[in-house]
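Naming follows writing order (A, B and C), and every chain is counted from residue 1.
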Amino acid sequence: MNEQTPILSVSDARVRFGEVVALDGVSLALSAGECIGLVGHNGAGKSTLVGILNGGLVPQEGRVEVSGKAAVQTAGWDVATARALGLRCVFQELSLCPNLTVAENARLMHEGLAGGAWRARARALVSKTLDEIFPGHGIDPRATVSMLPIARRQMVEIALAFCDAGTPPGIVILDEPTSSLDAGIARQLLDHVRRFVAAGGTVILISHILSEILNTATRIVVMKDGRVVADRPAAEFTQAGLVTAMGTAGREQARRLEGKGRGEVILTHAPAVGLPFEISRGEVVGLAGLAGHGQTELLRALHGRLSPEWRAHADPKVAYVAGDRRLDGVFDLWSIRRNLTVGALPDLLRRGLVQPEAEDRAAADWKARIGIRTPDMGLPILSLSGGNQQKVLFARALLTRAPLILMDDPMRGVDVGTKQEVYEIIRAEAEKGRSFVWYSTEMEEMELCDRVLVFRDGGIVAELTGASITEEAILAASFLGAA
Amino acid sequence: MRLTPDMIRLAVPFLALAVLLAGVFWLQPRAMTYSGLNLLFNLAVPIALATLAQMFIISVNDLDLSMGAFVSFVACVTATFLNDAPLVGALILLASIGAYAALGVIIHVRQLPAIVVTLGMSFVWTGLAVMILPSPGGAAPDWIRSLMTVRPPFVPMAIVASVLIALVAHLIIARSTLGVLIRGVGGNERSVARAGWSVLRARAAAYALAALFAVLAGMALVGLTTAADANIALRYTLLSIAGVILGGGEFVGGRVSAVGAVVGALTLALAGSFLSFLRLSPDWQIGAQGAILILVLALRLGLDAMERRRMRA
Amino acid sequence: MTFLRMTASRPWLWAWIAAVAVFGITIAATAGASAAGLAQAAFTFAAFSVIVGLGQMFVITLGPGNIDLSIPATMTLAGTVSLKLMDGQEAMILPGILVALGIGACVGVLNYTLIRALRIPPIIATLALSFIVQSTAIWTNRGLRVKPPESLASFSTGTLWGVPNVAIVAGLLTIAAWVLLERSGHGRRISAIGQSLPAARRAGIPVEGVRLATYVLCATLAGLCGFLLSCFSGGAALNMGAEFLLVSIAVVVIGGSSVAGGNSNVPGIWGAALFLFLVVSMLNTYGFGAGPRLILTGFIIIAVILAASARGRTAA
């Protein structure tokens, strides 16, 4: 443990989102002059922990303490307090106003720039900070953010976090800051982080590039399933050691879906980035890798290619199970029944009108088969629990006669019982000859697949088959590139 | 110097205006004189002001369907109260600006669709206007009349006024912190709030600024027409929206340009007169405005696509 | 309590209750003397608002940002051209109707072409096109007032067993629209798109085709309404569509359909259309002018949207 008094600490924080435990008693203390590397696979709880630190999220249990001040229970630690202390965040999604110039964004972010001639001062400040971190950056502070390439936007965002316009930066949280930067620029940033830390600043660095963490961090915190599983000086880790720490030792291997061997190829796809692939009849293909590395984009591209825009086909080629239920899954205003049957509308129509008996029959059939727990399929979809809503979305896809089902991480936030039921159904449907392309952030689900494609930086970098689908292999490919 | 899509966005309306002007001058060289220009852009000033008013609303991702009704209401107040009892008139106009700010607050707090609320308000403003002036009439206050008909040397009033208005509006929306904040709300409301600003106050300010410019539009209109009626400016609702879009603005994302909006308004105003010079029937006046709108949007799309292809290459 | 629950699932009840109340208040002033006449007039004038309101409702159901501002211009053009074509001859009635509907359909296709091709919001696409359509109408009209064929004029102003013919036409269209919205696959798809466009796309709905068909339907109804209105008023006038721009949106909102899309109802449009007309007659009866009438209409629209947002809050 660190002997210095921590400047900010979180102790025993617990956060639940519905049935999902996001943080299960996490403690973390930040001291001046250290860079903490925070690593973990999807859903390990990194973003939730960052949310607590920056004041955006209040833990249901636990405390946030600031050095020299009285302990802050749950209330009292909010975004404004955090900012006043000099805490800054750089998020993965950009938080700049795209329609404003770089200098104007600086003005909105930093109250210290208020007053006369703020434009000139903002320009000077941004330029100075950019020069410090990224010498030779070539960014004009008068440029509109949306006109800048993604890498430069990221650089601006980072520079704004390190700016000193009255309140000097104290703790800077960088969430995947190098994901859109090229190697040279990334090195400049990491050099700056080291300088900043040497001068007494504190940085939390989250990255999927383990070498960055190992070379920059003074201490590494590994998270897994909402807990901190390792918290040691960086020097004590190696790349292989980190990957091992992120995995679960001695976990029982999930039961694999036994495919009947590969049937005829029903689809081949060659994405712009990464390896091409094909899908055969009756096959379950998993898409793995860290979230946001191109899996959803691939599913959308496949769906866009196979699903008609102008006229409904009687025989659909593809069905889609959405991952973000609220955004592109359920129709809030509809009953469970309507939500279930909307995908198979062409089969339920006669002379353009929906046949109520046929619809009821289809809904009742799937209610029984997939076990939707509701007294009445005519109730609003939102009356169901999240897991049951997800089952409805599964049933929607399976009710169609589509030979290919695309699944966009559909099990997020679903309870274990439901998961097992759905796995059974996927197994049964695959046996009947349907193919599944299954993106999931959960390791066990990848181990259920016949074949797994691992994504990194927008494309497929590795293909694992049969017995070679292991947590270690997937982690290695996601963090280190080609296996 | 590289052309950025932003510059294209601003250049297109200027180009459209230049082409139209060139066409007019070619067809009728006499239009190039002082009085010719004055005639061409005569009614442009109130349209430009109303377009700027709409621009403030659009910059916070809302839309005002009551702009025409409100300008008509202001015109009626100007031609009656402001003329007969200036103090009462001024108070009414101030109160109406307050009403707009209050609308902004209600729309924000209750998360109402601005388009429906302003649709309702358009009935209210027209109703008030009808009550003030049941039949066309009233008279313009002398000072407004003389202001609108002043003849500065070399360049006609309409053009001087347009440039001045564009400049003032540009200073507000593009240069001031308030303008940055308003556009920031349009661009990324969440991160503006995260940086500690009150989005509510920003929206109320945008609505109040819109009302201020709309009030000026109504007063300028009465100064030109010398009388008012309750339906005098109903067309301004659609014209103002078209003007903002023509001038490079977008409905969402806080992308607006004050200079562009004024140029867009001038283009629409000129489109009408252009046809009479072509000796085409005035029947097509409105149609020409629609056609120019479509052409400019198509041109912008084409240039944007070209630029994007070049950036990727 | 049960009443509240009943109205919560049937938002159109409010518009009907309001219409009946206003009817009662108006009749009270005249001591019941003109009840039948007032009802007849209300149904006649409401019919036109209903026809365009139905089209606008389908478009609004498609979700935020979807709106058709070209309705008034389409009405005017359809009325003008079809009357000119018929030129008062009985034999030309069928071609006249077909031309009116055809003009509507063309405007609808053009509207959606602009929306898609220029990738501009529907509000600006339909607005730009409406300018051109309006000009075409002015150009074809040339200030002439062609009378409709005799039989059409008497049909559109006549009644059947006391019910105005135009109200019967609007009633039949209402039933068709109800079936389309509530029972057909197309209605399902419109509602799905209105609730969430990405979800509709992922559910395999051919989004582009459905949106095109909806814009065409709306403009076609506007064409039909223009045709009927010009027969009813004995000729097409250039400003005849003007008031229907706001009215077509107002009847949808007051009728209890959700402005956010996805959740519309057909009966409310009748209630709202009757209500809007009856408010005018009520205020006229009590000696109020056009001003208070307009102000009241405006406040009603705002009150309705406020009430709807409060309802949404308690439900959430």
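Quick note on the criterion: contacts are C-beta pairs under 8 Å (C-beta built on N, C-alpha and C of every residue); 3 or more make two chains touch, one makes a residue touch a chain.
Bear in mind the structure is a predicted one, so any value in this text is a computation, not a measurement.
Path length between chain A and chain C in the chain contact graph, taken as the least number of steps between touching chains: 1. Just to note, of A-B and B-C, the chains joined by more C-beta pairs in contact are B-C.
If each chain is reduced to the centroid of its CA atoms, chain A and chain B end up 44 Å from each other. Averaging C-alpha coordinates per chain places the centre of chain B 29 Å away from that of chain C.
Chain B contributes residues 63, 65, 110-113, 115-117, 119-131, 134, 238, 241-242, 245, 251, 281, 283-291, 293-294, 297-298, 301 to its touches with chain C in the complex. If you check the complex, the residues on chain A that touch chain B are 56, 79-80, 83, 95-100, 104-105, 107-109, 111, 114, 118-119, 144, 147. Those residues of chain A lying in contact with chain C across their complex are 303, 307-312, 316, 318-320, 322, 327-334, 338, 342-343, 345-346, 348-349, 352-354, 396, 400, 402. Those residues of chain B that touch chain A in the complex are listed here as 4-6, 175, 177, 180-181, 183-184, 186-188, 190-192, 194-197, 253-255.
Put simply, chain C touches chain A in their complex at residues 179, 183-186, 188-189, 191-192, 195-196, 198-209, 212, 262-263.
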